[in-house]
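In the part that follows, the structures are each spelled out as structure tokens.
Next come two complexes built around chain A: one with chain B, the other with chain C.
Right, the complex of A and B next:
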């Protein structure tokens, strides 16, 4: 039996030996599909693992803490007071430190903990199991716990004692792998020294059981409860990862088109072979099993290659991804890839599933093959008609679902569903559209060759439609995503110009320094104005929101870009009766201009009229502008956060550098407009570089799909072209005609891809973006970009068609003649 | 609740977080390990009060230990324990020990409340130097979190207020001493082996107690007698000593008795004790005068411990049996041990406390 199987398999596999290119295409398809999908999944799981490490660090996922109402460091004495009152609290001090490494300055989060009182629920508590380690951690010189991946990213080794930008020296580094990336964990006493916050704390962690019903605090302790619901980081970054996933899935689907084309072709060409095998007595069951086995081998081969490349791709992109997540969300993601066995297995599984979907159809079709079948002229026409009808029905159905989702969908998932329905629906309608256009063209009068040209192009559709669909999808996705990215870039740049109106921004260390800086600035003749602002991180309607207090200055009214506003809003804002809200906050809380927002403050509810809505791109949190006086009245201890300085443009660099030297402020505390813009734009570029790379790859995959299809068709084309040769057309003419046919089909597909791409861009901008980020982008047209993409696509098609056309041209009379005897 | 991983920290080389008996070679809870850099306990230097009420950060380990035998309005017997331990991670002088987070002192509080059918306990951990736990002399105050042992007169250990609270139990007791402090061994120098291991050890066994206890929401007025132990050392145990059995007894004839034996691996136990007359005259008891015989064993927390003893002191006419009020008085804290009230019958009657470690 095994021998019998072996022979059948051997016979079937001989096909691939004779058509290595075909085998190559199939494997490439699988390889690309798996690589792109697993690559994206690797990035996502890497990020998720990092968030989990951060979330589980102290008390498991839900964290309740006591903090200063104004978000400032507070006296350690509160910790003692609460402990003496029997409260199970543990002190913590967090801050940012700068470490000058090989690749420039890296900002790291430094957290000081007190291990003896730390509630025993989080990772750290279990981590500290080794008592001698713990003693070393608490006793001078202490230890700096750091994740292994962060350590190697910084180019440091365990035991090192690097010096911070502030001049303070870290305790010896010690690797603890359950720490989140980008974090340094030290004893609370060490943290107070390193952050220069003697006897200060930033929060008190409270044991979860005790914190459950938020007991009232003693009068002498002016702290407030802060509950970090379910993990904020996960919530904020969710949309980012969903976007990546969608892109990965798209690439996977496009890759499967290649597999589908190659598998179909192989089956078509082995039709005779299968019939012979059946005639020789191989049972249908055996044949089915062997064909499936063959697919399995191919899937494993292509899948393994794909998973390996996916890992390489992810490793290549993870640095950018980590940087953009850090910039956008302050989320720390390890820059070094580490993946578990599950990831590898899932990758292979996806590849297997994809192969079955893409190749299973052709296996089933082969099963329905009669043992003895005669070619039936015109059969293709019926078959094609049936297929197009089926696809059209499906396509229309999907577009109807898409329409429904526009009206009734109200989640990000629905947004992606809409995209999927739109793309697949349009792809299935493509053959019908092309056929209709070609029929119209055929109606025009012309010579017999012209008639043949249009009629034959229709016949080609059935063989090429899948590849053309892949082209349509890839091109539309490129146009859609490109439009959105480019539109965002333009909007963002223009918005930055307006928003960053001041020439220099200073963040003083504390209130006293702020006073001194203000006095110093008053004496600088080139300084036109100072715009101090006060910021407070809080929650509004459950959403993390920053309150920003601004003073009365005409610059705001002149430059602050508003999307929508009540008449003459600024005087009301300054008077403390109104607020401007960021677009995303307005969206999340369903606020419209004219609504009243009741803001909870330590001094009671603050009713605020919503006076305007402004764009705040790239900020995952909400933001509200309120009057500085009103803010300070309700949060009296809130220190000044930053001062915007308006100067003579030429004097800005000098004043900035004077500020740095005069007040001993680091680069991150004094920043000029140009540097800030460059930083923002860099984050932006990083965010989209992964998207752009994946997008380009998708287009490449589509070109490969087309090439595979054409390659297969070239052989069967001979029998169709032979009669024309017999009627007197030269092989060269035939080759040119074939090339022209390809270009016409591709050009028509491109023409259809542009409106589809625009529809996609609309969905992205109006539906997905709003759901994911809470902002809407102004609509931009980029005809030049489309033209470039279309030209790129046509060039790819031309490249893919030249080979097969060349073969037609080089075909000798003998082969053409032979095709009459074989044809039929 | 103190995290499990910390349980072993206080006495650094102990490997007894779980329910298995400690097997560390260097004595119970590492108390027999080398104490490099710490002050050694040597005879000669007399104890000074009130200075010696305070902490001695140049020694490695120290405790303030109150045990009280109480009776409520219905005549039901109770036992209460309040303990503050100090452990130094490194030798420090007094000033360094007070220096914020630089302090190498770790404080550990244990509290227990026991009656014949129930026993509850709790523990607390704190760093020294920041005010979360510590001992002050004028007025006397020893505390960790909201548990405290407080005096109201300068430099005196009487009267004292003792309080502790945790989930399920709490107590608030007033202690009034009706006799003098008692120094054990040679004027407070208490030998723990024949090889030089020793501690500084004095007691106040004459407290009369009034107060209130709360057991799972039920309050009771209680009264009785209490005993305070003060002990500090750097290496109180010899390396081969696995643990001890320690008794403090309030006999109804007014005499008080402290007895302990330190158990060696080879069975050659070290015995010591102090006989205290009703007017506070103390007499150290020689090894050979003391006989301690376990009579019955009890399964407690997966171990077998003697909760019923026969104690004899030659020359004092003492031949008694002591029995645990609650045989399950197990302190399942970081360093687990047995500590509970006992009843005395035989030639003398009375009450007291028994502590058994290293089982």
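Right, the complex of A and C next:
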């Protein structure tokens, strides 16, 4: 039995040996599909692993702590009071430090802990269980615990004592691999020194068991419970990762189109072989099993290559991704990949599944045909025709589902469902649309060659439809995502110009310094105005939100970009009766202009009328503008956060420089508008660099799909062209006609891809973005960009077609004659 | 040299009884075979003649187990094909019959040597001595390492004959085996086929249009409109 199977397998595989290019194309399809998918998954998995490490660090999965209601540092006396009352609390102080390294300044989170009181659930408590380590950590000079990946990313070594931008020196570095990336962990005393927060804490970690019932706090302790149902970072970054996954999936699907085209072609070319095998006594079951086994071998080969390349691709992009996540969400993600066995196995599993989906269809279709029909091209074409009909029906159904999702879908998943239905539905309808257009073209009167051209183009559709679908998808994705990105870029740039109206922004170290700076600025003749603001991180309706207190100044009314507002909103805001909310917060909390928001404050509930909604692109948190006076009244200890300074344009650099030297402030505390804009735009570019790379690769994959199809069809093409040659057309003319056919088919596909791409862009802007980020972009048209993309696609098609056309042109009479003698 | 199958001597190797088959057509079912009955003795040859559409190839396909009749019975080497499931029919094709097609139907990706041994290997009845003799007798010894596309039509059909006889089946079925060959090659292939069928101890059922080729076989049967019109012409 095994020998019997072996022979059948040997025979089937011998086809690939004789057609190595076809085998190569199939493997390339699998390789690209798996590489792009696993690459994206590697990036996501790396980020999630980093978030998990951060979440599990101190309290296990439960996140319960006591914090200051205004989110400010508080006196460590509270810790002493609670411990004396028998509360299992552990002190913690967190802040940001700037580390001066070889590649400039890098911001890192520095956290101070007291290991002896840490709850036992967290990973760090387990680490602290080692007595010798504990002593070295707590006793002078102490240790700075750091994750291995962060250490190598910074170009430092264990034992180093790097200097901070403030001039302070860190205790010797010591690698602890359970730490999340981008974090420095020191003893609480060291942290108070390094962060200049003597006898201050930022939170008290509470053992999960004790915190379960949120017991009431003693009256002398003015802290509040902070419980997070899920980790904030995961919640904030979920949409980002989902978007990346969707792009990876799109690339995977386009890659599978190549596999589908190559597998279909191989089946078609092996029709006679399969019939002979059946006639020689190979049972249907054996043949099916061996064909599936053959697919398995190919999937493992292509998948292995893909998974390896996916790792390489992810390694290439992980730096950009880490920078994006740091810039957008403050999330620390390791800049180096470390992936577990499950990732590798999942990658191979996806490759197997994809191969079965892409290649299994043609195997099953063949199995359904009666044995004597296998070698009849007509029967094969009829089977394919039936498949196209089924696909058309399915395409219409998917478009109907897409329509339904537009009206009734109400989640990000529904948004992606809408995208999938729209793209697949349109792709499956493509052959029918192209056939209809070609049929109309054929109706026009013309010479015999012209008539043949249009009729033959229709005939080519069955062999090329899959590759053309891949082209349609890739081009539509490029147009759609490109329109969205370009629209975002334009909107974002204009919005930055409006939002960053001040010339310089200063972040004083504390309230005392803020007072001194304000006085100093009052004496600078080139300073036109100061816009102090007070900021407070809190939660509104369960969503992380920043309250920003602003003063009465006409600049806000003149420049603040409002999307919607009540009449004359600013005086009401300054009076403390109203608020402006960011678009994403309004979306999350379902707030409309005219609604009233009840804000919990230490001084009781603050009722605020929603006076307006403004764009706040790229901010994962919600934001509210309120009256500075109202904010200070309810949070009296809130320090001034920043001062926006309006100056004469030419004076801004000098004033910024004077502020740095006069008040010993670092670059991060005195920022001029240009630098801030450049930084924001850099984050923007980094965010979309992975998208752009994946998009371009998708178009490349589609070109490979076309090349594969054309190459595979080349043999049967000769027998179709031979009669024309016999009737007096030169091989060169035939080659040009074939090339023109491809360009016509591609151009028609491109023409259909533009409206599909715009529909995709609409879905991204109006549905997916709104669901994922909570903000909506204004619509922009980019005809120049579409034209460029279409030209790029046609160039790719031309490149893919030129080889097969060249082959036709170089075909000698002997080869063409053989088409007649062998009867195709 | 003679390899025969003694158990089948002087017995019917093929017995077809009242075989009917129709296919769906534009105006309903189109009868192709309408109650065909015939027998073939072991070691004998029979030519099946008739015009295009008379049902010759359909009859051959039914006997080969490639298709199933609407009614009637087919017995090959004493075994009925009725009621055999797909796997059993495949095993029957592998062990009991061998088919030679007009289009040769060689496996283009395998060399001549592997094509020759193909069905015998599947049936687990490989006999290197017999194969070597067949290759030599068919004039293929120098061509064993070539691929089918590197052979002429006559050479390809000789490989197909060799592949069918390598398994030494009780019954060889040939569907217009010389239809694609010129007169000279057709004569040559036919002579080899008849000689080697006899050497293998097999029986031969051959579909042909050519009266002169049919005359070289032991018996001739004419099919007309799906019925046996005359036999032993």
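What we mean here is this: the second predicted complex is superposed on the first by the 792 of 824 C-alpha atoms of A that agree within 3 Å, B and C clash if a C-alpha of one lies under 4 Å from a C-alpha of the other, contacts with A are read in each partner's own complex, and residues count from 1 in each chain.
Rule of thumb we're sticking to: a residue touches a chain if its C-beta (ideal position, glycine included) is under 8 Å from a C-beta of that chain, and two chains touch if they have at least 3 such contacts.
The model shown is predicted, which means the values in this text are computed figures rather than measured ones.
Touch criterion met: A:189 reaches chain B, while chain C stays clear of it. Of the two partner chains placed by the overlay, only chain B lies in contact with A:117; chain C stays clear of it. Contact with chain C, but none with chain B, is seen for A:18 once the two complexes are overlaid on the shared chain. When the two complexes are overlaid on their common chain A, residue A:345 makes contact with neither chain B nor chain C.
Touch criterion met: A:279 reaches chain C, while chain B stays clear of it.
When the two structures are aligned on the shared chain, A:400 is found in touch with neither chain B nor chain C. In the superposition on chain A, A:297 makes contact with neither chain B nor chain C. By the touch criterion stated above, chain A contacts chain B in their complex at residues 76-77, 79-80, 83-86, 114-120, 125-126, 128-129, 131-132, 134-135, 138-140, 187-190, 192, 199, 207. Only residues 1-6, 8-9, 12, 89-90, 100-102, 104, 106, 125-127, 130-132, 143, 145-146, 165 of chain B touch chain A when the two sit together in their complex.
Touching chain A in their complex are the following residues of chain C: 61, 64, 66-67, 86-87, 89-95, 98-99, 101, 103, 105-110, 118-119, 121-124, 147, 153, 163.
On the chain A side of its complex with chain C, the touching residues are 3-4, 7-8, 11, 14-15, 17-18, 272-273, 275-276, 278-286, 370-372, 375, 821, 823.
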